[in-house]
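Note that subunit A is present in both complexes that follow, paired respectively with subunit B and with subunit C.
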Partner chain A sequence: MTHMKRESWVLIGAMLLGVPLSLAGQGKPLTVTGVRGVTFGAVLPGVPRVVLRTDPANSGQFDIKGPKGGPVLLSFVLPLRMTGPAGALMPIAFGSSDAGFSATQSIGSQVGFDPKQPTTVIFPNNGNVSVFVGATANPGTNQRAGAYTATIILTVTYL
Partner chain B sequence: MRSMTKLTLVAAALVLTGTLQAQTNNASITATASVQTPINVVGAQQLSFGNVFPGVNKTIAATDLTNAGRFDVTGQASSPVTISFTLPATLGSAGNTMPIVSYTGVHAQNNAQTGGTAFSPAAGASPSLNASGALWVWVGAQVQPATNQAAGVYTGSITMTVVY
Partner chain C sequence: MRALGVAGMLALASASLAAQGVMVAPHAVFIDHRLRSGSVLLYNPGTAPVEVAISTLFGYPTTDSAGKIALDTLLADSSRSALSWIQAFPRRLTVGPRERQTVRLLARPPAGLSDGEYWLRLVIAAQAGSVPITGVADTTAIQVGLKLEVRTIIGVNYRKGPVNTGVALSGVTARIVGDSLVTRSTLKRIGNAAFIGTIRETLVDSTGAAITQRAGDSLVATYASPVGVYFTMQPRLASAIPQPGLKRGRYWLRYEVVAEREDLDPTVVLKAPAVRDSVQLVIP
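Take a look at the complex of A and B:
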């Protein structure tokens, strides 16, 4: 019984010290970093500008560090419009395959998904992934000239 | 021993719950765009045939800076554009018509046609605005009045459309 007590206390102590015996990988802190914005560059009035998620220079990119081999939910908050000079607005659209998940953090190796729908992905064993984003800017024919911006938010949740 | 086992399980449950509970994080990026100057077209000068005599064709060359029709275009500097036309086949006057049998065009990056390029208005063209964002387009044509063409002032509308 004394032996049992000792084992129990060791187990409790280990747990309270934050040393999960079989869950060390899943205890990895979850971090999300906005690496690169979506850059449309020069846009002409009346001419839609498309940025593909595979565009290495202009697509948006998030890097995520998280659970090794764990399921994770990716969900975006997407803007409908970009805001420009004096409050001028320009529509921005996201297609059903404008987001891409890369388990190797390579823009050349993505699995496309719809950024408008929460999507569950499985992390690789090293726990490092990237998410790429493309979009389309739709300026009107009389779109006011100037700089336009909008914010894209990616929320990542352990499941 | 039984109470100790229960305590162990409770502690384990608490720790496991803490380890596995949903964890959320987020980050944002910015979408940016630089919208260029909208394109603008002005009908700056009418295509003027002047006096026309029955049975005598009259031609105004696109290179005629005084009588050719002219459109002035402004927009984003050095940007390529596409121009197209809606061209009338006849001029009209009080129910009478007079055929326009051909059109000619010139576009240039200055208003003197220096270095200008001839083109067919019926086919359109794809010039570029100059470094200041300007372009000039001239239109000439030939009318073919009948020998019994009714006297009067004949008019028609030429429409030019410009897009980036």
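Take a look at the complex of A and C:
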């Protein structure tokens, strides 16, 4: 009876979320979503610009959803520099506490970790967690104007 | 010099992204030798297409010298690798908004393959979105656009014939570091398949009463940590003891490894006998 009740709730949940039923029936899904990039705002040449992982507007955010009790390994591939016009470069740095894990998806409730080191986390009861990222952009004193880009890669390995 | 000329104000592009990613189901694939195929469904819950690249690698969880979990992708243990004979199709695809696509896994095992379990990891790389870079024509400003990319790696376990597993437990240690209970042990897999299970730790005082531990935001009497033992590993587990911490006295750590996982279908978790040990912990 309990088993049937749980299945019914899964079915209703899948319908409400718009998840195709055939997908819901395949097994428990794992979803990794890039929500928000790191935003540096105005930068002055020669003046480092720090974005904290606790900055609600400017920090980067990834949301991850998985099965309750499931273990995943989080690891980043981080850029050393951003590429700009005519191959110009702007260094970017990540400190040893520039990544944060939140089991409640609240930016105010994070456990910091080093984004350069893999970190294991376990999905809580509702399966929803968030990872926040901060960084420091280091424009040179004669930084060339133009557009600079870089990519942050988050790898989520199911263990 | 022109850069100096623009030194005043360097406006950067806002990097607000429309959330993008991909849902992968299931989160672990088990292929039976009699079927020799499997599939993974990808679903894009977002409002923009997601470019996905599929690749494979051989790897399994292990621990480093400090006991931290890592994914060992070295090929030293390639006798258990299915990398050369399981292929995924397609390798590149675009999943439209609210659409789903299937990645198929096809196994062509070599003749004479021994009974047992063989492993592979499936890598699903999704371009999660890019920051629109505006005002590029404005040469007096620096615009910074950051892209996010997400990669999901799931395990693929191929099982041929009778498969069995188990784990040998040794070297359990426990100590208090700061406000945390820190344990180590050595886990060695037995049999011809990976041991998929859970480590359970219960700390009891001299009266046998369990000491509360913190697991995430919850307080628990038994701390549980899922584990996959593919060869040998020495996991380090740490759980916080809520304030005021442990009083002076003698405690016992009951350490148990069981073939149970709440995140996996019980039909894919191989049965194995539980192993247990206990060690004393003295708080002077």
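Following the convention adopted for this analysis, the second predicted complex is superposed on the first by the 132 of 159 C-alpha atoms of A that agree within 3 Å, B and C clash if a C-alpha of one lies under 4 Å from a C-alpha of the other, contacts with A are read in each partner's own complex, and residues count from 1 in each chain.
In this section, contacts are C-beta pairs under 8 Å (C-beta built on N, C-alpha and C of every residue); 3 or more make two chains touch, one makes a residue touch a chain.
Keep in mind it's a predicted model, so treat the numbers as computed, not measured.
Colleague: With the two structures overlaid on subunit A, would subunit B and subunit C clash, or do they fit side by side?
Modeller: Pair status: clash.
Colleague: Let me test your reading of the model: by the given contact rule, A:152 touches which partner, first (subunit B), second (subunit C), both or neither?
Modeller: In the superposition, A:152 contacts both subunit B and subunit C.
Colleague: Using the touch definition from the top, say if A:104 reaches subunit B (first), subunit C (second), both or neither.
Modeller: After superposing on A, A:104 lies in contact with subunit C but is clear of subunit B.
Colleague: What is the contact status of A:115 with respect to subunit B (first) and subunit C (second): first, second, both, or neither?
Modeller: neither
Colleague: Is A:68 contacted by the first partner subunit B, the second partner subunit C, both or neither?
Modeller: So A:68 only meets subunit C here.
Colleague: Touching A:124, do we find subunit B (first), subunit C (second), both, or neither?
Modeller: So A:124 only meets subunit C here.
Colleague: Shared contact residues on subunit A, subunit B side and subunit C side combined as an intersection?
Modeller: 20, 23, 26-27, 30-45, 60, 62, 82, 84, 90, 137, 139, 142-159.
Colleague: Touching residues of subunit A toward subunit B in the complex: what are they?
Modeller: 1, 4-5, 8, 11-12, 15-16, 20, 23, 26-27, 30-47, 49, 60-62, 79, 82, 84, 90, 92, 133, 135, 137, 139, 141-159
Colleague: Enumerate the contact residues on subunit B facing subunit A in the complex.
Modeller: 1, 4-5, 7-8, 11-12, 14-16, 19-20, 22-39, 76, 79, 163-164
Colleague: Touching subunit C in the complex: which residues of subunit A?
Modeller: 18-20, 22-24, 26-45, 58, 60, 62-63, 65-71, 73, 82, 84, 90, 103-104, 109, 117-118, 120, 122-125, 137, 139, 142-159
Colleague: Along subunit C, where are the residues that touch subunit A in the complex?
Modeller: Those in contact with subunit A are residues 1-4, 6-7, 9-17, 19-28, 39, 41, 43, 45-46, 61, 68-71, 98, 100, 121, 126, 128-129, 131, 133, 136, 139-155, 215-218, 224-228, 261-265.
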